[in-house]
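The next part holds the structures, each set out as structure tokens.
Consider the two complexes below, in which chain A is the common component and chain B and chain C are the respective partners.
Moving on to the complex of A and B:
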């Protein structure tokens, strides 16, 4: 069963694409699919950060606020500082991740409350920095500094290239580094990992810092696409990002799954969303489906969870 | 060490509240005017009822992140049952309230069933169902804000008895009810026991699943009442009626001194927590500070409060 568990989301994805194509054959055109995948890049980047957090058995509810802060920082600094603004925006994301990781890992608060609180702080920072409004990014700085994210290379949108490069890096980190092994150990069982000599606190800190980094990158790309930074830019992202991770097959109980699965999960979400829009289901009403799918995916994958943590 | 921490933790909310009141009234004496105090009380009504519901769930060691979605759902049911601006409501008047509260309790019970029988962690079950509630409300209301024209519902926020809006009396009644549930009913004791030592409750033959489902249902009923108060204040039903209330409710519970690990704290602590949050909010307004700063301040207060309330070594595994 576990042998095939990894392929179920892929089969689901193919089935979903075929179902949507049955309603509208033009959906299968390469350009439509490519457009769809480039639109999902920002969601994918945020879901990537969420993946490792869930992989170690935690949750991060602050990521949409973190993405918003970095979009605002980017929009504020980019006219004067160009590429440096991107670096600052990403560093800000890492710092918020560091705070979440510290509060959760070192101060030992449950991750949902730690990140709920840090999310509140990040949201305040975004509102304060932006003066509660959306900040335009003019065409010149946008083309000068953000073309790597929003242009096209080899006739494929750069969002896709960025996603693939980040995915490749994340896979290397996850599969081939001691940190990756430490994450797996931590997710499989914290007491055992501690006895095995894994440095729990450091691993948690790094995981949350990566989550902040990926969320910030998501905010930067989003700001590039929308030509603005705003404190509410990523408001509809949290549920789809968690759903993408869980639907891809990363278990909330921790220890199984990974970033490649999140790619499938994200594509599933995006195809499902497109399908529902075709049928004419309102974007907000789609939350019913995602909410139920989330619960279903968790309940199906939670079989191996110890009872102790099912609070 | 632990003893001092606990003692500090139980007095802390009172000190924070007193400190806030003193600091704000020194900076701006208008804070202590009767009108302003009534304003704080009126603004606290809905958040208090919501936080009381959340308190029950947190007391048994779970969490309910569905506050906003449950409110949206209840608010949409309310709009369907009373005279509304679309002219499509059933016009039941106050008879709509039992229906709304029952529907909200069912919604909460459903979260409990998903949590216990499908073994989904409560934060995930309630997060998912919260979004489901938002979606249902969006469909029922056609994605719009539907005005509530029923006089008896509007009166909850508008009519005053002894110069106090009815919503304050409703909130006080709910506080008393919550206190009785917590201290003088079987479900209240089991809820506290569950948060303190789940294994012992299981060993003594209690059906833990039923207790959890019932507590989620009670919390849902409280969210329903909170949604009615919030809709009455807004004069409309909307899927966004609970916007921001999750953060307020959870921070009020936690800042008031109820431990997230369950078993300690309670409804009176939550009253203090709500007052801290609302006084802070009011103080920022009358001092001319932007209200969004509140979220950041509360974020920091949540972290400090949880730290003070948790046993140092108890959470070796903090998921």
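Moving on to the complex of A and C:
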């Protein structure tokens, strides 16, 4: 079953690409595919943070608001402080994650309630800080401080490099460190993790802080691409991010999956969305397709059968 | 009343049952024994209609039947008490007993709770359980829940007109002596109109209660014998293909503990669980906590690990204060806990053998913060060989291992970390004979290495066979303490007066 969940998304991705290519061969041109990937970078970064939260059996509904508030902070501070503005925006994301992690891990509220509340706070903060409007980032600070995110290196957009570097680091943390195994144990079963002496609260806090960090990074890259920070910049990101995680094969029940799976899940979503537009399926019908695919993905995902009924 | 003819069951190409034939008559208790994985539980599930046999037939009262599920089996008078408990925790005892059969209590479209509770009380009386049927099931102890489970199955006595067949899958593995006595008297009473199939790992019990004994090995019945012909050593031999060594508990490997105190417990008190417990434990010493269920051994051992808070008293291991710390602190200080609930608290089922072994203090296996995989693989293979963990390889998820091998993985974990205090809570529960011996050997080796062990044994014999010191608890108080290294060995009879 685990093997199954690992290969199906890849096969699905190849099938999706081939189907779209059958309608329009130009879709297979390297430039189209690279463009597709760089467009999906911001969604991918947010989904990356979501992955570990889901991996430990929780959920984080605050991430799109966190990305928005980070984009606003960046846009406000970048004219004066340059690169430091990026650091502040990222730290803000980590802090929102810390609050979510505290409310969920220490105060022991269900994660969806904790993060829904924190997301509300973050969204309001974004609105208040921005004066409820979009804040432009001028060309000079943008090229000075954000070219690492939006320029090109070796003729490949930097969004792709950023995504791949973050993915590689995340894979090392997930697969090769005690923290990674602590996350897996926590997602599989908290009582057994406790008996093994794993620091449960600390692990949860760190996972939510990582989620906040990745969401903030997503907000920063997005602000760079759009030359502005805005309280609504990441709206409509939350569900695709969750869908990317689940489609990739990370189980909503926790304990199985991982960040590499989320790469496939994100590509699958972006290819499907772009492909449906290529083929000419209208936007409303696309939502129906996404809904059906999501249900199919969750029912096939590993770990669900073992844990029986889900609530 | 029940006849199985050449039942074969295949799972994905694996033969779990091979042409098993078995008959149960009314008034007869059929004992079914075998090592873990011998096919006993699969056979029970076939009898209960959960699994359909690949080949072979089932006859009930002389007529061939296909059992479509537990409910269908029940209408034919077959009821099963499960090894894994099947009660819903957050509803009352009465609701559990009549779950799915509430119709007979419906008056004017609503359930008549009083009648249902009265009926439940009658069922509970059959098993000698005196609790209010209105009690929420989760508030009962494990043993009480087991008795409710049995009471639930006994509703068949009223519901079915004909003969009954009651299947008991390891009903005694969690029970203490007093409850076993009650269970056996219930079983004897039932024989009037029922045939019983009784599965247990405790062979003396099986011989005591059964009229006929079937021995299973690798999915097949290798022997059927009458009570008079049966003896534990003969059955052992058939089950595992070897005689039980006289040195079952590896007593010759028992060494004198060192004179160095490892654990100091002073005045430990937790209201409603235990009171004013004080003892010292030397390095290399095994101390067994004995007592009836509810005497306090269980909460005491969990408190020593930091899973439950104490109100007063201190715990000190090799000079480190471990009173009311979280489990990560006790693990770091060298405490290893092998819990009673192996599947929930012991192993992480989705994780591989290697991942489970390297779960606690994983930092020990890292270099510059990253896992040293080649060292981990070597260590895992070494431990798998040493403890005879049977698994295809070290990356096999533990969910696919048998209970005995899962338990060995939990033990291997603490052996790997070099724990100085092992807290073993029923470490051999549900294990077959071979796996038990491996566990006993390991306990001896742990002690030889200077670690201290606190043990809650499965039986008094096990506690006496392994421990240097016996601490007897009753109602949360320490009532006696025995040195078990004297020339004349202690017997259960020496302990029981202090337990009850």
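Note that in this section the second predicted complex is superposed on the first by the 296 of 311 C-alpha atoms of A that agree within 3 Å, B and C clash if a C-alpha of one lies under 4 Å from a C-alpha of the other, contacts with A are read in each partner's own complex, and residues count from 1 in each chain.
Note that a residue touches a chain if its C-beta (ideal position, glycine included) is under 8 Å from a C-beta of that chain, and two chains touch if they have at least 3 such contacts.
Since this is a predicted model, take the numbers as computed values, not measurements.
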Chain B versus chain C as contact partner of A:191, first or second or both or neither: both
Partner chain(s) touched by A:11 [first = chain B, second = chain C, both, neither]: neither
Contacts of A:176 with chain B and chain C, given as first, second, both or neither: second
Partner chain in contact with A:87 - chain B first, chain C second, else both or neither: neither
First (chain B), second (chain C), both or neither touched by A:19: neither
Contacts of A:106 with chain B and chain C, given as first, second, both or neither: neither
Touched partner set for A:119, first chain B, second chain C, both or neither: first
First (chain B), second (chain C), both or neither touched by A:299: first
Superposed model, chain A: greater residue contact from chain B or chain C: B
Chain B versus chain C as contact partner of A:284, first or second or both or neither: first
Chain B and chain C contact sites that coincide on chain A, given as residue numbers: 191
Complex contacts: residues of chain A adjacent to chain C: 2, 172, 176-178, 181-182, 184-185, 188-189, 191-199, 255-256, 303, 306
Complex interface listing, chain A residues touching chain B: 57-59, 103-104, 107-114, 116-121, 123-125, 127-128, 132, 190-191, 239, 242, 252, 282, 284-292, 294-295, 298-299, 302, 305, 309-311
Complex interface listing, chain C residues touching chain A: 305, 307, 326-328, 330-332, 337, 339, 341, 344-351, 355, 358-363, 366, 369-371, 373, 397, 399, 413
In the complex, chain B residues that touch chain A: 61-63, 65, 114-115, 118-125, 127-132, 134-136, 138-139, 143, 239, 247, 250-251, 254, 260, 262, 290, 292-300, 302-303, 306-307, 310, 315-319
